[in-house]
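Following this line, the structures themselves.
You will see subunit A twice below: alongside subunit B first, and alongside subunit C after that.
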Partner chain A sequence: MVESLRLRDGTRELPRWREGLRAYGLIAGMWVRSSMTYRASFVITVVGNLLVTGLDFATILLMFSRVDSLGGWSLPEVAFLYGLSATAFGISDLVLGSMDVLGTRIRDGSFDTLLVRPAPVLAQIGADHFALRRLGRITQGGLVLGYALVAVDVNWTVGKLLLVPVMLVCGAAIFGALFVAGAAFQIVAQDAAEVQNAFTYGGNTLLSYPPVVFGKDFVRGVTFMLPLAFVNWVPASYVLGRPYPLDLPPGAEFASPLVALVCCALAGLAWRAGLKSYRSTGS
Partner chain B sequence: MDEHFIQLDRVEKVFDVRKKTGFMKRERRQVRAVDSISFAVARGEMVGYIGPNGAGKSTTIKMLTGILTPSGGRLRVAGIDPSRERTRLAHRIGVVFGQRTTLWWDLPLIDSYKLMHRMYRIPDARYAENLARCVELLELGALLDVPVRQLSLGQRMRGDIAAALLHDPEVLYLDEPTIGLDVISKAKVREFLRELNAERGTTVLLTTHDLQDIEQLCSRVMVIDHGRLMYDGPLTGLHEAGESERTLVVDLERELPPIEVPDARTVRVEGPRQWLTFPASASAAPLVARIAAEYPMVDLSVREPDIEAVIAKMYAEQAEKAVS
Partner chain C sequence: MGAGRLYAAVAAGGFRRYATYRAATLAGVFTNTVFGVVLVYTYLALWDERPHLGGYDQAEAVTYVWLGQCLYATLAIQGGGFEKDLMERIRTGDIAVDLYRPADLQLWWLASDFGRAMFQMLGRGVIPFAVGALFFKMALPTDVGSWAALLVALLLAVLVSFGIRFLAALSTFWLLDGTGVNQAMMILGIFCSGMVLPLNAFPGALGEVVRALPWAAQIQLPADVLMGKTDPLHAYAFQAAWAVALLAAGRLLQSVATRRVVVQGG
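Take a look at the complex of A and B:
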């Protein structure tokens, strides 16, 4: 009798990261299927998301209806910044955007239920309430980026052209690292969701404007401390042939992958430390 | 080793509690939530784990499931150290938290089950069989397509229990499984747990405030208070440990002065009715015979001790010992 209880499908456990991806896929898939039950409602929320997030760009358009340039940057150039940041942020928001509920889940105790399931917690919390409506932000970001690519006055080289997808991937990774680090912080300070949002959503808005409109100390902080500048400012300045307001080491314009990698590693360590502190102190 | 399926050896859990004592001032204090607890549970046992609020029950369960890491001591469940191999252990245990759900709140019940099916890699046939069984015994048929947030507390609890059992766990932890349930729901849940234990040999460890849960389900009880194990043994022994008393209620023909017999004392007189207490370990028969011989008795009844009172008494005695 007891023997039958041990029945499993016999497969060995996968490495942790694959186990995580698998769990992420399962949970996200469930949410997608559930949102597709009401197709009309799904379409409406996607369009709504597209319009609401598009308001950010409408603000920029409104500004350019009064002025011809912003700190010397033309509308297509600002659109280039905006498109890169919005798309990169949209991707990480789609993948990890639900992480800001973590503090609430710790407070109400439902975080415990994630720990008794046979899947990495990060994957479970990341995929929770996975919402395809967030494609709206990516879509509008992509549209603005498309317009910018056509409209900017740049001598495109292969290198510059390749830098565009690299910026998107690295930007998404840097924002993703912020989401994860913010979540780790929420384990310690459970009311910190707004702090996290200030860095993620706030960072995205910030990067929609040229670096020259901000104070130098501020740009320094965003470049060296919290390296959001590597999402678009630094590499985009290179692509557009605009001087960066700070002196940077040579090759900085191609450093985004390295910066993204370091950010992800640090965020991973922060997450592990956060989880560990939770498991030894309890809720 | 099968006979020590769950094994705790001087397990401790110390929390750092920071208390605000003034503006910007904080006092650090250590709280021993679990203080050197040792016990072993054999495969197939059904054990009740009781104690007042804040005694350390939930902390113990959290350590057994790997949610919390012990501060000291040795802890093994099915040979696994829970906090080190949390996900590996997760395949072999089921957990039901009475006050929070493991189900996906906004989705229909069946979606949660389908996800469990894949996440736990339950073989299809096994999943179908277990689901059918749970649906039948826990009467979930009409609820499967209802979003979890729309279920009543009792329905949700049954849904949660099913979710915890789809992957054939070897041990089931239940933290307050009947809290807030009505009488019928409680009876259903208890009946199901009894069958599960009898038919599948699933080891069950449950914490509860409801002593009827223990009386109806568990042959073994552990009492914990202030993080220490105060009693571990059969339910009947708990009465002796607490030196509990039974009560004999005697109806006499008329009002009389308090009855005087050896081995019992009259604690209350109300008209012709009198209440006598005597040790729970003693037999009521000789006492009844004696009273019947000496007094004009009309009717009588024997009241069993209330476990709650027994435990309260045990605490009081411990506290007295601590003071003296």
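Take a look at the complex of A and C:
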């Protein structure tokens, strides 16, 4: 663990991760207060966010208005996948989703300001433009998940039931790692912020559909290379009793925490490397 | 300078402005390609379950996906073209300067948006479409006539897309902040233009409604014209009717706004 030092005035200096959390809380609180100034506008944007993010599920409903199953999966089963992915993505989007302003900050030089402040840069950039309206995605994802949990035909065991919150937390961590890695990439690529969307938003869309509808090589890619499959596909296939299209080592359905941990560690390394390679625009 | 040359210069400016951000364009190409692949697989599963849904076979459904990815930025389906700039100018009061210019407001922005659309088409739209054609079985016509017919349909689609967003931008004269309108436009654009699912495949009365709305002119009709699913003249008539109606409404709203609304920031 990080050792804490005793400062001259007797107060203990916080360990670095606590310091980061504190900075994150302060900055996020500031953005929340500023958005609450215009209450009506805030309510409208929350509702709007709920509707925009709900479009993905509306698409699924539209599809199921014409068919009874997709790749052999029923509507409640697809809703289960969707609810898990959307809620997990919603959490990471709320916590770190404003990272795409990093590119702008680098271009206009205001990133330099963050570097000289006495708080971890990742916490500052994560909380930058913190937007509570993003609760919209979590809300609608949670609603769909609630429906799926009731409607899906599963013999619930304690293990399967416990997997649901585990998937949400690990899924959020995996998506969060993507956001951080994407931010590191932005330091190098600046204008190319949109590449990140292919993995975050694209990944979220992808995970809303059963793995069997995708090509084997594609599934291999998102299982072993970019392990998005551990957000929901692999553990949810186990919960639903559906065979996974690939042969996986035994216990893979419980591997999400490990995968999430590795992803976060790699993202952390990428972030440090990105930060080291940063050159100011000088403007 | 002649009026024609002026607007041509504005359009060229719009083109160049977007062409400046090369990394962003490449990133957009990549993102559209990834989304295209994901959508293709889901569509194939859907059409596998229900062949000939919406009158398309699998190859046609795949073609629809890639045309959609190609037109996504070109027609600013999700918004984010000139209208954000115009809204900002109305909000800050800079619009007063624009109104003093010896150029027509609507034509000026139309020219600029046309330049943007041209670049987005060439720089960002064509590559995902080509990638799609390379890796998936598509139903592409081999005669020049169908492609020429598509070009006309796309031109009309650009006008309709502009018409919708110009109206949205002018609403700022009364609302002062465009956030809510932009959000509504985004939802309507994605859903009603057939970005999520071909409008032909929408069920029942909902299908009837979305196919009659102006957004149908943007992806659905160009796709049908390309694949010979509809009489091109019929499609053009629908697109042109909406284009005229929207542009006329824009002109009317513009004259009301500039006559009766007090400019911000005085």
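Keep this in mind: the second predicted complex is superposed on the first by the 266 of 283 C-alpha atoms of A that agree within 3 Å, B and C clash if a C-alpha of one lies under 4 Å from a C-alpha of the other, contacts with A are read in each partner's own complex, and residues count from 1 in each chain.
The criterion applied here is as follows: a contact is a pair of C-beta atoms (placed from the backbone, for glycine too) under 8 Å apart; a residue touches a chain by one contact, two chains touch by 3 or more.
It should be emphasised that the depicted structure is a prediction, and the values quoted were computed from it without experimental measurement.
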| item | value |
| --- | --- |
| First (subunit B), second (subunit C), both or neither touched by A:Thr281 | first |
| Touched partner set for A:Ser110, first subunit B, second subunit C, both or neither | first |
| First, second, both or neither for A:Met36, with subunit B first and subunit C second | neither |
| Contacts of A:Ala265 with subunit B and subunit C, given as first, second, both or neither | neither |
| Which of subunit B and subunit C A:Leu162 touches, first, second, both or neither | neither |
| Which of subunit B and subunit C A:Ala273 touches, first, second, both or neither | neither |
| In the complex with subunit A, residue positions of subunit B that touch it | 15-16, 43, 59, 62, 65-69, 71, 83, 86-88, 90-91, 93, 95, 97, 99-102, 104, 106-108, 111, 114-115, 118-123, 126, 168, 170, 199-202 |
| Residues of subunit A touching subunit B in the complex | 1-2, 4-9, 11, 13, 19, 23, 26-27, 30-31, 33-34, 108-110, 112-113, 115-120, 129, 276, 279-282 |
| Residues of subunit C touching subunit A in the complex | 21-24, 26-28, 30-31, 33-35, 37-38, 41-42, 44-46, 48-50, 53, 177, 179-180, 183-184, 186-187, 190-191, 196-197, 201-203 |
| Residues on subunit A engaged by subunit C in the complex (per definition of touch) | 41, 44-45, 48-49, 51-52, 55, 58-59, 62-63, 65-71, 189-195, 197-199, 202, 205-206, 209-210, 212-215, 218 |
